[in-house]
Amino acid sequence: MALPRDVKKVVLAYSGGLDTSIILKWLQTELGAEVVTFTADLGQGEELEPARRKAEMMGIKEIHIEDVREEFCRDFVFPMFRANAVYEGTYLLGTSIARPLISKRLVEIARECGADAIAHGATGKGNDQVRFELSAYALNPDIKVIAPWREWEFKSRTDLLDFAEKNQIPVAKDKRGEAPFSVDANLLHSSSEGKVLEDPAEEAPAYVFQRTVSPEEAPDVATTITIGFAKGDPVSIDGAAMAPHELLARLNDLGRDNGIGRLDLVENRFVGMKSRGIYETPGGTILLAAHRAIESITLDRGAAHLKDELMPRYAEMIYNGFWFSPERLMLQAAIDKSQEHVEGTVRLKLYKGNVIVVGRESDKSLYSDALVTFEDDHGAYDQKDAAGFIRLNALRLRTLAKRQGL
Amino acid sequence: MALPRDVKKVVLAYSGGLDTSIILKWLQTELGAEVVTFTADLGQGEELEPARRKAEMMGIKEIHIEDVREEFCRDFVFPMFRANAVYEGTYLLGTSIARPLISKRLVEIARECGADAIAHGATGKGNDQVRFELSAYALNPDIKVIAPWREWEFKSRTDLLDFAEKNQIPVAKDKRGEAPFSVDANLLHSSSEGKVLEDPAEEAPAYVFQRTVSPEEAPDVATTITIGFAKGDPVSIDGAAMAPHELLARLNDLGRDNGIGRLDLVENRFVGMKSRGIYETPGGTILLAAHRAIESITLDRGAAHLKDELMPRYAEMIYNGFWFSPERLMLQAAIDKSQEHVEGTVRLKLYKGNVIVVGRESDKSLYSDALVTFEDDHGAYDQKDAAGFIRLNALRLRTLAKRQGL
Amino acid sequence: MALPRDVKKVVLAYSGGLDTSIILKWLQTELGAEVVTFTADLGQGEELEPARRKAEMMGIKEIHIEDVREEFCRDFVFPMFRANAVYEGTYLLGTSIARPLISKRLVEIARECGADAIAHGATGKGNDQVRFELSAYALNPDIKVIAPWREWEFKSRTDLLDFAEKNQIPVAKDKRGEAPFSVDANLLHSSSEGKVLEDPAEEAPAYVFQRTVSPEEAPDVATTITIGFAKGDPVSIDGAAMAPHELLARLNDLGRDNGIGRLDLVENRFVGMKSRGIYETPGGTILLAAHRAIESITLDRGAAHLKDELMPRYAEMIYNGFWFSPERLMLQAAIDKSQEHVEGTVRLKLYKGNVIVVGRESDKSLYSDALVTFEDDHGAYDQKDAAGFIRLNALRLRTLAKRQGL
Amino acid sequence: MALPRDVKKVVLAYSGGLDTSIILKWLQTELGAEVVTFTADLGQGEELEPARRKAEMMGIKEIHIEDVREEFCRDFVFPMFRANAVYEGTYLLGTSIARPLISKRLVEIARECGADAIAHGATGKGNDQVRFELSAYALNPDIKVIAPWREWEFKSRTDLLDFAEKNQIPVAKDKRGEAPFSVDANLLHSSSEGKVLEDPAEEAPAYVFQRTVSPEEAPDVATTITIGFAKGDPVSIDGAAMAPHELLARLNDLGRDNGIGRLDLVENRFVGMKSRGIYETPGGTILLAAHRAIESITLDRGAAHLKDELMPRYAEMIYNGFWFSPERLMLQAAIDKSQEHVEGTVRLKLYKGNVIVVGRESDKSLYSDALVTFEDDHGAYDQKDAAGFIRLNALRLRTLAKRQGL
């Protein structure tokens, strides 16, 4: 449990913000380790060049800044949406799904540059530490992981600021006071939690929402769009083919403008406590509705119901940090198998927080007008078959009723 | 499979409408059976006295007209909502949950009045025939079930109308032409399907919606309400205690006015085909959100996740008509066990189709400010525990990684 | 439901026995259809040439006799054993798994020879009719299926024998009386049911068992064998590589001689009733134990537990006849994904009905001596990690206990 | 993580053996705490009075020695067997199920005698520490738990023996050397692991087995018994009613004499590693077979299959130590619901390791001769119903096949 003091070189997940800058310095001073920084553009909507300058300023020689938005969407977000993954009935796993990718790159960079450790800025109370570390260990069993928030001696914000000052880490004026809540963001979502949000009985203040307009502020007229799918993934909007991250970005814009994807919830963390969060997932909320709609005409009932039953486990795996586990890979294999013919288009109306499916069509549709019609179906379905179907389904229930003397 | 011609007395689920009136007459003339009618007030919003008059006119001597709204809510709808039951990710099972109650009363009345058969007006292509009949057989294994739509020789609407005319069944003018779609309604929902709705690519016409205003038409200002829960069931609105059916009716009004609970979907029927339906479940949609919210602070993670995993099966059982099956009773026992401490209040904003949870509180809350806080928690949680937690959770992943030579 | 009288050419699953010979003749005379026969060597241990002669004698021009044992093992039995599939805790699905293969060939032959129908000899009370027909419809949605046992007018054995006599079908003397029970056999198992076995309270007579010696009669000395696995499938016995069907045949011999694989059970049929069967699965019983044993050292816990949870559904799908369903393919994809590193050898002692695993080893073993040892593990595992692991796992339980006032 | 040094009074799970005697002394000397001992008769087959004398000798004033065998069987073992619980396909959870009971009594005694802590002798690598501690925390969230094996400084057996000698703890001569393996025993089973058993490729030496004769040594003639059940629990053997623990003891004798219940496995521990164990569960092995057999005629298919699907989760919960969790209680509620009519008798032959079900009968049997018979069933089952049943089950598969162009 004690800090692995024999670390020589460590790759830090570095945002350029105050906290990870303090961590950077702490790794240098306390551990005497060489620090390599990794800053990812996950679509969080922040400039990354300031992170480079800050790292340079602190003497970092190996600075990795990468745009991983396409990989993030293609290899993480979209596979997850194939499963219609929702944690605890509501949360679209926006933070959870980004962590494995960051860890993957940290481990890869460590391997490339001969580092023996990685470090992250997640606290000891949250899920993210678990996600970072399980992913890292799954990809390199011998990697050392440093989680300064669990290890250092700082007791308060003041201690941190003192350390910053002592080590000439510039502290923006507005960072002197504590932020009223904590934020994580990427292309899929923004989450806010802590401080002013800590009482789940209290409505979240309007200023917490940063990524969407409120339903009230959204336009009074619906926006209609069409999303095209192939093999279970979205591939176009209104007929225009797009790369995964471009498509998600476009959906985000549409969702943002129409007040879509806000969520206020209390969730169960893997580390055993409940926490309250405000999530904004504008594009993802649209995508989920659209994906379910295209599945509704292209997926067989057996496949659809099996997916629905497996989904909560799958979502839990991702939430808990087991993306790189054999059980997640097993479920992914099952899910991907189901998506082979999930293609076609879905038409949606976006209106003041609502995502309304109004039409779906597909060359691979299993919907059969001939079968379902109230009109003469010309023999496609023999209604008399239903009598036998019901009688055999009822047989065991009748046997039970007889036993009960009913 | 042949019609059981030796029926002496049959209890018919009778709405008073044209179709079941034709069935009534057909049972009298074709079967030569004495017909007893059962008409239930399930909250469908129709006068029932006309059904009595019509039945009398056709010579029925035993006419049962009952208000079962309270039983419906208390013993069927609310137990189902304890499970957060949703079929195929979206459908709140409004039609499915009413059928077992109707069958239960049909079978009970048959026993009381010495009838050997029951009859219903569901067609041979739908789920309702299955639900009616499985329920009936589960409650009386020797009951005979007559499903005229599967059995008679009528081939078209014209045949039906001819039969009506020949038998002096009054046909309202507006029933001469075929309805543009088919409707089922009860206190929980209204469903519309068929005809103009048969093409899932086409948006449903506005006139299909009968029970809710559209989000667009709903007020520009949100309505805020508080729902109180006890043992997992809603018991009050804005502090006013209400009987189950009164509470649901009030939620329906609130939902209707705020454009809440509309759903356009393609679902998989138990009989093997896909169908497209328009559902309006105004109160139920509010209730589901509220129930999940009160659970979010009063239900432990283990219980909550187990419920989420069991739910799709439970919903499927209800959809398929297995309400009175041992497996549904098993799951209900598990679900009810989980609800013992699900109590407290949830505050919601209803706004143009949105049900927005803004606060929840409970004397039985498991949410612990002390644990989750970003501030000093005075030892409630030792962040160093997380290191051991992660390392043991990672152990098997590291062992795997070593095997793979990672 | 009525017999499709417009059948022109039908492929019959033909065993050469009395019953399917009567069916053959009935198809010719009643339907006036041209009959093509298909007789498969599934390892049932019967000569197939007599079936050819009998078919020729009855004027059949297209006679298909095929050895499908290898395909049966490789593409049906072994994939199923990867899942450790067991129905209702005990039944190894020996009959269930053979039906889809037979249907597959019937449908293929029908396509090749221009037949519009297939026919089988399964009765209307059993599972096999369902398995045959679901498989056939899944592979050719337009195929007609004829199940004479459900359709003809014969009421008794005497009627059948009269028909046979009238149509010059030779009836072996010992077939004049009714068999005291009914048998199905293939390379995986033999099943016996009906008649003398119908009372589940009565012990099965010794003469029912045809494929194994009783444990009492088996040798007094154990036989030790080693089974080698690759990708989850058995590939060798005692170091000798074997083709799938040869390997299973060898295990059958070993099982038979050592009294292994007998089972007396009451099972739940898909058609809604319970039935009592006697199964003998000598090789399969050994294989299941060995497969679980090799998995025990090569499969990670997450994969293993997920497999165990999915297994009952998978087994039910096979039992119910849904081999060619999308949901079975989804689960197979998940299962196969888990088997990539399931390789190595298992040593077993076979003794009077017992299959005793005594050793297992693998280059891909996840068992770590270093981790588990009671001795000094040189830091492979830090026991102090367990404290944090337990405390975080306990956190939610402690929170619950506090609420309960414990 | 550091040892809670402020413990005043601690209840120790005390066996009277060397290890827990060392722990007792260590708690006195290192912690300066008053020690209360709890020694339970769980049916492990050891005299408990020596434990009293030893405790007295070490100055313990509060000594609790209790016979909990009946409670163990009635409230822990039997509820678990209602579920047919088996971990990883083979392990009957004999150790796992005893831990919660011990913790329950430790916590209760602590409450009664004003102790603020409990202590146990489980090591930091095993599952038992988790089971003890999760149970304790679930029953008293504020209890302190001391696990000396995780905390003390002893590095080797020699250190321990030195400490014993220095503190005048008598060490039996045969305990000077290390035991060749480690044992846990109770009325349900004995487990052996470690040391000579650590190589899973090596056959376990014969001397490891202490509770059963080998199949080879068992009698050459089968023993036939009848077990009676009520509400899913065994209540009699050969017609003689027995208390739970007496019945299990009798089954143990029968199993022991007939070489039944031996198991050699590699299992996945909750703490993340694989371990190899030898288990002997003579009576439990008989009981499991008998319970499945009585269920086979009294349990409906829906209930039976749901139980089979839930079982692996239920077993995992017990294995991992979550007996006192809400999710286990939920599943128990479902399982118990299913057992209401599980009554009747099962006849078994016990022979050289085999448990052979040869008959089962019940007044609540759902097995229907009339339905299943090959003979004329007088209309109990209309074979024509099967055609409709199959056709509707096939409908979605045919629709799929059409899409695929089959």
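Some notes on this structure:
By written order: A, B, C and D. Residues from 1 in each chain.
One rule holds for everything that comes next: a contact is a pair of C-beta atoms (placed from the backbone, for glycine too) under 8 Å apart; a residue touches a chain by one contact, two chains touch by 3 or more.
For each chain, UniProt lists the protein as follows: A, B, C, D = Argininosuccinate synthase.
Model, not experiment: these values are computed from the prediction.
Here the chain-to-chain distance from chain A (Argininosuccinate synthase) to chain D (Argininosuccinate synthase), counted in touching steps, is 1.
Across the two interfaces under comparison, B-C and B-D, the one joined by more C-beta contacts turns out to be B-D. Chain centres here are Cα averages; for chain B (Argininosuccinate synthase) and chain D (Argininosuccinate synthase) they lie 42 Å apart. If you average the CA atoms of chain C (Argininosuccinate synthase) and of chain D (Argininosuccinate synthase), the two centres end up 32 Å from each other.
Residue positions 1, 268, 271-273, 300-302, 305, 313, 322, 325-326, 365-366, 368, 371, 381-382, 384-389, 392-397, 399-400 of chain B (Argininosuccinate synthase) each touch two or more of the other chains. Those residues of chain A (Argininosuccinate synthase) whose C-beta lies close enough to touch chain D (Argininosuccinate synthase) in the complex are 1, 300-302, 341, 364-366, 368, 371, 381-382, 384-389, 391-393, 395-397, 399-400, 403.
On the chain A (Argininosuccinate synthase) side of its complex with chain B (Argininosuccinate synthase), the touching residues are 1, 84, 88-90, 123-125, 129-130, 133-134, 137-141, 147, 149-150, 155-156, 182, 194-195, 198-204, 215-216, 220, 222, 262, 264-268, 271-276, 292-293, 296-297, 300-301, 304-305, 308-309, 311-313, 316, 321-322, 324-326, 347, 351-354, 356-361, 365-369, 371-374, 376, 381, 383-390, 393-394, 397-402, 406.
Those residues of chain D (Argininosuccinate synthase) whose C-beta lies close enough to touch chain B (Argininosuccinate synthase) in the complex are 1, 268, 271-273, 299-300, 302-303, 305-307, 313, 322, 325-327, 329-331, 333-338, 382, 384-385, 388, 392-396, 399.
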